[in-house]
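You will see subunit A twice below: alongside subunit B first, and alongside subunit C after that.
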Partner chain A sequence: MSQTNTAQDLITYTARLGDDSVIFGHRLSEWVSHGPFLEEDIALGNVALDFLGHARMYYNYAADLTNKESDSSVLKTEDDFAFLRDEREFQNHLIHELPRGNFAETVVRQLLVDNYNKYHFEALKASKDETLAAVAAKAVKEVKYHCRRSREWTLRLGDGTTESKQKIQTALDGMWGYTYELFEQDDVEQRLIEAGIAVNSSQFKDKWLADVKAIVEQATLTLPTTEWAVRGGRKGYHTENLGHLLTEMQFVYRSFPDAKW
Partner chain B sequence: MKIIPTVLHGQYEREKFRRNSSCPELWLKLDEVKDPEIPVLSLWDMGILKDIQKERNKVTVTITPTYSGCPAMDIITEDIQSIFSADGDANGIDECSVKIELSPAWTTDWMTDKGRNQLRSYGIAPPNDVVNGETQELSSDTQVLCPHCSSENTHMVSEFGSTACKALFQCNDCSEPFDLFKHI
Partner chain C sequence: MSIEKLELFEVFIRSKRGLDHKHVGSLHAEDNEQALEYARDVYTRRSEGVSIWVVKSADICASQEDDSDSFFDPSDDKPYRHATYYPLPKEISNM
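Then we have the complex of A and B:
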């Protein structure tokens, strides 16, 4: 395995982690000024900000790595990664790009992703890459707050009224198929796992499932058993949603590329 | 019985590090740079300022971000640079570069006692003012000392406040709302 191969793999992996964060953060930010009540509006924005912060750290690192590898005098920045790439170049997991949805759908997505992130960051803290480990060391502390929040909302909605229970069960059933790819690795990640850099999420799938099952059952909901699964994010094959999201997210930057304020 | 005040280990290490610096006048200078969100707190008191290294006429300041999404880091970087360019070469400094260090991860344990007191007088409860249970485990039962009237009879309104680092509380005695700076 050549040096350039690992370097390129690392850029790909770091950019992916940035993609997961920026897309998810963007979706959450769509709640700002539309929250069910003021404190929740602020909380949603607050959580979105944590994800955008992760995205910036990952993209800045990916930009630095790219500049080290390239001979070009034009230096890449975090903005190139966030705003100047097209759908096929984004490699986020599909669950992040699903529409904002109603509040129950937002809570379900948060529940599934927060519990995933809890294990993911804990594992990434042990990465041989110092920067990724440093990002994870910060994020793992913040994810505790997120997990508590998504658990409490799941309990409140599941063990709530007939309407809230029906809405959150429907949301859970609809989103389950998008969780499979979170625990699968492609060849880029396999190589980096062997190098001690990337996280092997298949190793914590059972723990994740147990945690989610416990919360879902305490909320008097039923864990879906469907085996129907949607995949493709890491290959750059996306749902229709991503195109619309990127158009909105990237429009201003692409229209005024040298804007400063 | 004499009570000997203690400081958290992280704070102790930081203060020892600062005391051993070869450029103490620059640390004093940077005490003038305040957190943009909480203008009574200096970067030092927040635990954001990590290191100052001076080499001839160039200074390198190392800072660390608080929360991952903290939007203040860009402003803080600019503030540090402008405090040196504002005086011309009064300190003999022509050039200032700011380094951002991610690791070790920032923790509220690095806040100085002075910083905590200042937060309180500003109307924000510092992390250690949680009166029941673990400072790190906020729940709907958590009670925090009201920074306005010192009552323990308070309730949490929202775990996520106006900025990433804060939670919103209200005092049941004086009815005033206030923020808690969350432990992390």
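Then we have the complex of A and C:
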């Protein structure tokens, strides 16, 4: 019985990590052909592809695990996870689904999430689950580059013009409340942490905060002190933004389910 | 940020260890650091390189079209600067 529970927990956890990645990657991909200039457009597209790559690895693994547990002859694939689930079935952290907003909002979100991912993947590398550890080992290198980019841009906008500074400070204040749930674990994750599989993000919150604070201060910005927090992503409770995102992301697949490239 | 305010950089990439850096193109960026990152994103997406140089285009001192006469034409009538000008001694057969 407990064996089955662990298997189910692992599927849930892996799909959640896939959800974080696919939603974040999709949001970033919305910049393609809308970037501030050509070079940045390509750079944003590259980062988006990194996250979609992570999502595929997680979803493929979640599909394999599901097929092993299931008696059904219909096998699940990565596409079932990405394109055939509805809003409430996605369990991504809410920060990933917020609209791409203006460029300052995109930069701030990258800063907060990239620095989170830096520690997340470092910890996941040590997971007892070999597949998750392998995904993390690959992602760690990409995230190092993401961190470099988001730091550079935060400094550039924060220490730039009056307008850029005001925009990025507003973005930071507006997004801060979505960072709390990144460092919280529900029962599913708690059980997997005890099994040595999942990442205990509460353990690196202080390090994350110190890193973000250092960059924010160097950018002459102010770290928000507001304590409001929005939670619910891991329970499938979403902001109004996810539904709109999914309609766009899923409609081609749902309209032409057997389409091939 | 408008593209007019960005500087133009030339990008050089070393494709393999042991080879020279080759000019691959140019891009716009605000400073050296950003130029290096964009060079990575724009020119090495398909694992083209192991090392990147970026140089501000304005810092390159280039010969001018007008200089061609004085720079390059004089070497046209100096065939003795080419190895092929010199007849090989018979004793050397495999060159």
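Simple rule for what comes next: the second predicted complex is superposed on the first by the 260 of 261 C-alpha atoms of A that agree within 3 Å, B and C clash if a C-alpha of one lies under 4 Å from a C-alpha of the other, contacts with A are read in each partner's own complex, and residues count from 1 in each chain.
In this section, a residue touches a chain if its C-beta (ideal position, glycine included) is under 8 Å from a C-beta of that chain, and two chains touch if they have at least 3 such contacts.
Since this is a predicted model, take the numbers as computed values, not measurements.
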Just subunit B (first), just subunit C (second), both, or neither: which does A:Arg149 touch? both
If you stack the two complexes on chain A, which partner ends up touching A:Glu130: first (subunit B), second (subunit C), both, or neither? first
Winner on subunit A touched-residue count between subunit B and subunit C: chain B
First (subunit B), second (subunit C), both or neither: which does A:His54 touch? first
Subunit B versus subunit C as contact partner of A:Pro36, first or second or both or neither: second
Contacts for A:Lys138 in the overlay, against subunit B (first) and subunit C (second): which applies, first, second, both or neither? first
Interface residues of subunit A shared by subunit B and subunit C, listed 39-40, 42-43, 46, 145, 148-149, 152
Considering only the defined contacts, which subunit B positions touch subunit A in the complex? 65, 67-71, 102-107, 136, 138-140, 157-164, 168, 182, 184
What does subunit C use to touch subunit A in their complex? 1, 3, 6, 27-30, 33-34, 37-38, 40-42, 45
Using the touch definition up top, name the residues of subunit A that touch subunit C in the complex. 36-40, 42-43, 46, 145, 148-149, 152, 156
Could you list, by residue number, the parts of subunit A that touch subunit B in their complex? 39-40, 42-43, 46-47, 49-54, 56-57, 130-131, 133-135, 137-139, 141-142, 144-145, 148-149, 152
